[in-house]
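Next come two complexes built around chain A: one with chain B, the other with chain C.
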Partner chain A sequence: MSVLRLHPQKCTGCLRCELACSYMQTGEFQPAKSVIRVSPFEGHTSYAPYTCTQCAEGWCMTACPVGAITINAVGAKDVLDDKCVGCKLCTIACPYGTMFYDPGTRKAFKCNLCGGAPACAEACPTAAITYEDVATADWLGDFAVERTARVLAEAR
Partner chain B sequence: MTPATLTAPKQLKTTSTATTRPGGYAGNLLRVDLTRRTCRAEPWGPEMMRELLGGVGLGAMILYRETAAKGGKGNVSWDHPDNRLVLATGPLAGLPVWGTGGLTVCTIGAGTNGPTSTQANGFFGTNLKYCGYDAIMVQGQSKDWVYLYINDDVVELRDARSLVGLDTWETQGALYKETGLAGHQLSVYSIGPAGENLVRFAAIQGDYGHVASKNGCGAVMGKKRLKAVAIVKGTKSLRAADPRGVVQAAEEIAHDLRTDASARSLYEYGTLPGVVNLSKMGALPIKNYTTNLTSNVAGADMSVWEAPKLRENFDHRGHQCNACGMHHCHMSVIRHGDQKGKIVDEPEYEGWSGCGWAIGAADRDGVAWLNTQCDRACVDVNEWGWLCGWVMECQEKGYITKEQLGFELKWGDVKGSNRLLQMVSRREGFGNILAEGVKRAAEKLGGPAKECAIYIEKGATPRGHDHRSRWEEMLDTCTSSTATMETGNPVHPTEIGQPARINPFDGEQVAKYVAGLRGRRSFEDSLGICIFTSRTRLEYICRALSAATGWAFTVDDALRFGKRTAAINRATALRCGHTGAMEYPSTRYGSTPVDGPAKGQAIRAQWEKMLDTWYAEVGFDRKTGKPLPKTLKELGLEWLARDLWGKKA
Partner chain C sequence: MAARHLIIGGGTAGMNAIRTIREEESEKSSITLVSAERPYSRMVLPYYLDRSIAESHVFTATARVLADWGVTAHLGKRVTALDTAANTCTLDDGTAIPYDDCLIATGSSAVRAPVPGADLPGVHSFWTLDEARGVIAQIQPGSHVVMVGAGFIAFTILNSILSLGAKLTIVEIAPRILPRMIDDTGAALVQTWLKDHGVTVRTGAKVARIEDAKGKKRLKFASGDLTCDVVIMATGIKTNLEWLKGSAVKVNQGIVVDDYLRSSVPNVYAGGDVAEGRDLISQKPAVHAIEPTAQEHGRVVGANMAGKNVRYRGSLIINIVEVCHLDVASFGAWDDAGAEAASGVKADRPAYRKLLWRGDRLTGAIILGRSGDIWTVNDVGMLKGLVQSGVSLGRWKEYLKKNPFDVKPAFIASKTTSTLLPETVLGRPSKAPGETPVAV
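Here is the complex of A and B:
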């Protein structure tokens, strides 16, 4: 299956992916509703996007008490709005922090790979997000270690 | 983000105000009264949005309406509590057009004591719009230092006494700590020591390296005792009338910037190529306009100033503004020398010239460091170049002594320049005189020292070029009402009926060209978009605006809007006491290059004729400086014609 592959060293922090994602999710531009989030590293000099890795374990699916999380046609875990009761268990279960809860709709929401044409990958001007047929992985670990080393050293 | 993928959003939500409010707008203006310590949202309507757009369009009108004194015959001065500080975005801010984090600052500035329009980017505009506001209007004067905190509907004036004395980067760091946020989650625009101490060319700096630099807007903020504006990335949504159209227009603009010959180098390297390119035209300012030969700068090797080498000299990372795909703004880590390991903002061309060539410095690491020191202190890097270069020349020639200054400052001494910068930003010793800016300091010293100083008689200074071989901009800067260029460089001039090229040293052609390009700059600066990402066809920008708002906005509408805004700013400038006699370059600024590509080209010999032509072309009265009644009526400004000309109109 194809997944979103993240290349954090290419990210410039322009947040274009958040805009594109929120438009796909809500029809409006509202980064607070985006399911891809750009985080700063080293305080402000480096940025990296992060979103659901579509992990094999599927913690969110396992945790959901009402079976509202399913696997869609392109292999992404997706929330079925009519089944979700808004209990937020999935947001607790997800070890990556990529399950979100919308207090407006009282539903959980997450990356569903836009049904096979992810808007974030299309929108990224530096190809820091690509949609590829590769095994999913922890794309950010090494980058985060390297880029926060300076901050941690200063904090000590 | 191709349109095909955006045709079927998961769920379409419309807000209840969607039918009345044009797309692209948050819908509220935030009025902050520092004297009364009140903050309140003022909704604004569709007619006003259509008329003023945002940015300088909105700011110019607020200044005209709200800073009058003596029954409309005069104007409040920059340091008066009734002066307004307008921090405005525009209808495209926060939308996925490249470079749309835009901020325009409009105020009665400390440099010219007249209107200002100066821009910066980053995420100010984005965060503000997502909090639900299109602009902030600051008035009054606080007793104690405060900063403005905005988080959706929570708007507070918070105690900033602990931030006083911090530079702008330290201030942003301190506010990150205080709020527990980082990166673009919190946009901070602040002043450093120069703003606190009312340096006449203090700037407002934000988001690590973005600067609204002109006309001492930082001094206005300092006078109001407003240390910073901190905006949390809000949670509200922005609607576009035709979102797919916005994305399509954004793609067209992006494609043009990536591929058009005039924009491509900017796309790849930002303004870095300016150094080498302008040096070949004689427009790189070298050692306070004393020469135009790079070989006169010690240690200068132009091969290492080519854009790729300039960037690769540093460990660099992209640091783009909202939704931007340009490879323009970067953060750099210095690799060599005694500042090794320091994080700096990659200087713009203006930084390389102001902290480098203008002061005879060609050490790239040192120049990059000094440039960030200017940002941190919050001084305009252009004026810093003219001021520091002037002091260096005056000391070399004996007009300013070592005893006066307190130390010896020679050409290219970056560390000495920083020492001077700290003196100026804290008004220490001789720095107190220099803090008044180039013009006032030069007049104070008088004699031959004054003859060496680069300034405009209004009290402003030029941007970072040698305008003696860029006549359009010298004329534009001198005739401008906003203390910096008002018309700007030509972008696809044939699109608006202007020639593709002119003879740059033919005063008549130059004056007609500057007048003919009028309007576009003020329009762009009203949208919340970056000057560099708008270096595309005006038609595309209008298309983006139309798709965002739902209006049918044409190129003609854009030019008309821009001219109208410029006319309103002109009316405010006249009320501030600006006259035609101030529309002249200083002796050095208007001098004739002694060497280099533009050697012998004498602008002063043609200046009067250029002014005559410009006035005739823009439809202003040469004697009084006022826009003629006919001009104003053609722009739909009958009310302004009555204000300026009384019953005669």
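Here is the complex of A and C:
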């Protein structure tokens, strides 16, 4: 399956992915409702996007007591709104912090790869997010080690 | 002859076991389900109570679905005896069911505090679907509901009661609320939050007796009686294991199981609330009466009944409740007195974090914050990931101790994702709930 491949060294922190994601997912240009989140590193001198890995276990999916999380046509774990009751079990089951909950609709929501045409990847002006047929991976670990060296040294 | 699997209990563990047997087996087996109730999810009863879902939404398998899965179902029946020498169980109607292997997943029941009047009509428990029906019929807008007990179960229905327009008073015998879910600091923040949201909480209050009072109920205390319309007793649960007395299956706090969820009788498995299996953090046997443990136990048992040899890594305590749009969650050994702890509090939001350490690994966490705060929701998951993965945090430990509200860089730079990605409960990618093979 294709997944979102993140290239953190290319991210400029422009947040276009968050705008595009929130619009695609909720119909609102509201980064707070984006399921891809850009994080600052090194005191806002570099940035990286972070989102669901579409992991093999699907902790959110197996945890759901009413079968409201399924695998969609492109292989992404996807919330079925009419089945989700808003119990939040998926938000504590997901060990990556990529399950979201909307207090307004009382539903969980997450990255569903926009059904095969991820808006974040399309919106990214620097190709820091690409949609590729590769195995999912930890795209940010090495980058974060390098870009947090200073903040970590200061914390001692 | 096809293998004969017997599943005793149609709750989370039992239904996950059935689905997993069908997913994993190489040739079709015979599955028999005995369940005192129709299979439903207790987790979603609060949403039935607040009428945001219909009753039909709570069922996890209809008669049609059970038929599609090729399950012979004895619903409304209880097992009264298990003869592990003859490999036969007996139902309350006298039916004898032979099996090759069986899963005991009979769950828990609500227990009421031993208070005179606790069994009066109009005094309710909220645990089973039947009990939920009883409560729903009684609560009207403007009703005064008194909940006896301030534990996790009480808190799961708190929002529902309020959203029905009822006035709520919580009475707790202990000096504080949520004793088995968060620490004193967190509990104090929640108690203040409740007061600000119009919920009266009385701690250290022992109900002496409950009596009828002209169509209402009166709760008598050493001082200050309460009169209300509905009493809900959320004073604890106990495992449903009385029926197993006299069998060869070894019971301690729960049924003692090994890492394959087998009891002392090798072809008898146990899962969910009745099982005493490995705790992921302490590595010691424990009874975790929580939904995620039942789900994982059920799947592991199902795979093993289907002939796989899946070793269970142990279960992680995870709990979350939302209290009037305040998320309260805890993970792992959050109450480990021998752990190194660091915390941070923002009383005005409110927001609270407590992180517990053994060496440079996070072994427990408490997190409290507003439901609308994205960083709270994200950190809830990442703290779970740090506790679950047990990654070595190295120098990030000192950083997190000073900055408990900044979890993400520590999570990412410790390569927690790399550690977690290969982890699966069954040693293979999970299947979607709708993909259970039809076995008719």
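Everything below uses one rule, namely that the second predicted complex is superposed on the first by the 156 of 156 C-alpha atoms of A that agree within 3 Å, B and C clash if a C-alpha of one lies under 4 Å from a C-alpha of the other, contacts with A are read in each partner's own complex, and residues count from 1 in each chain.
By definition in this document, contacts are C-beta pairs under 8 Å (C-beta built on N, C-alpha and C of every residue); 3 or more make two chains touch, one makes a residue touch a chain.
A quick note: this is a predicted structure, and the numbers were derived from the prediction, not measured.
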Superposed on chain A, are chain B and chain C clashing or fitting side by side? fit
Tell me the contact category for A:M24 with respect to chain B and chain C: first, second, both or neither. first
Scan A:R16 for contacts with chain B and chain C and give back first, second, both or neither. first
To the nearest 10 degrees, chain B and chain C lie apart, as seen from the C-alpha centre of chain A, by 130
Superposed model, chain A: greater residue contact from chain B or chain C: C
Going by the contact rule set out at the top, does A:S39 touch chain B (first), chain C (second), both, or neither? both
Could you tell me if A:C94 is touching chain B, chain C, both of them or neither one (first, second, both, neither)? second
Who does A:A119 touch here: chain B (first), chain C (second), both, or neither? first
Which holds for A:Y47: it touches chain B only (first), chain C only (second), both, or neither? first
Shortest span in Å between Cα atoms of chain B and of chain C, once chain A is used as the common reference: 6
Chain B and chain C footprints on chain A, overlapping residues: 32, 39
Which positions of chain B touch chain A when the two form their complex? 1-2, 4-6, 9-13, 94-96, 98, 123, 126, 130, 172-173, 176, 182-185, 208, 233-240, 243, 247, 254, 317-325, 331, 333, 343
If we count contacts the way the header does, which residues on chain A are in touch with chain C in the complex? 32, 37, 39, 41, 48, 50, 53, 55-58, 61-67, 69-71, 83, 85-89, 91-101, 103, 106, 136-138, 140-142, 144-145, 148, 151-152, 155-156
Using the touch definition from the top, list the residues of chain C that touch chain A in their complex. 12, 41, 43-44, 46-47, 52-53, 57-58, 60, 291-292, 295-296, 299, 318-320, 322, 325, 327, 329, 331, 371-372, 374, 377-382, 384-385, 388-389, 395-396, 398-399, 402-403, 407-409, 411-413, 415-418, 420-425, 428-435
What residues on chain A touch chain B, complex-wise? 10-16, 19-20, 22-33, 38-40, 42-47, 114, 117, 119, 122-123, 125-126
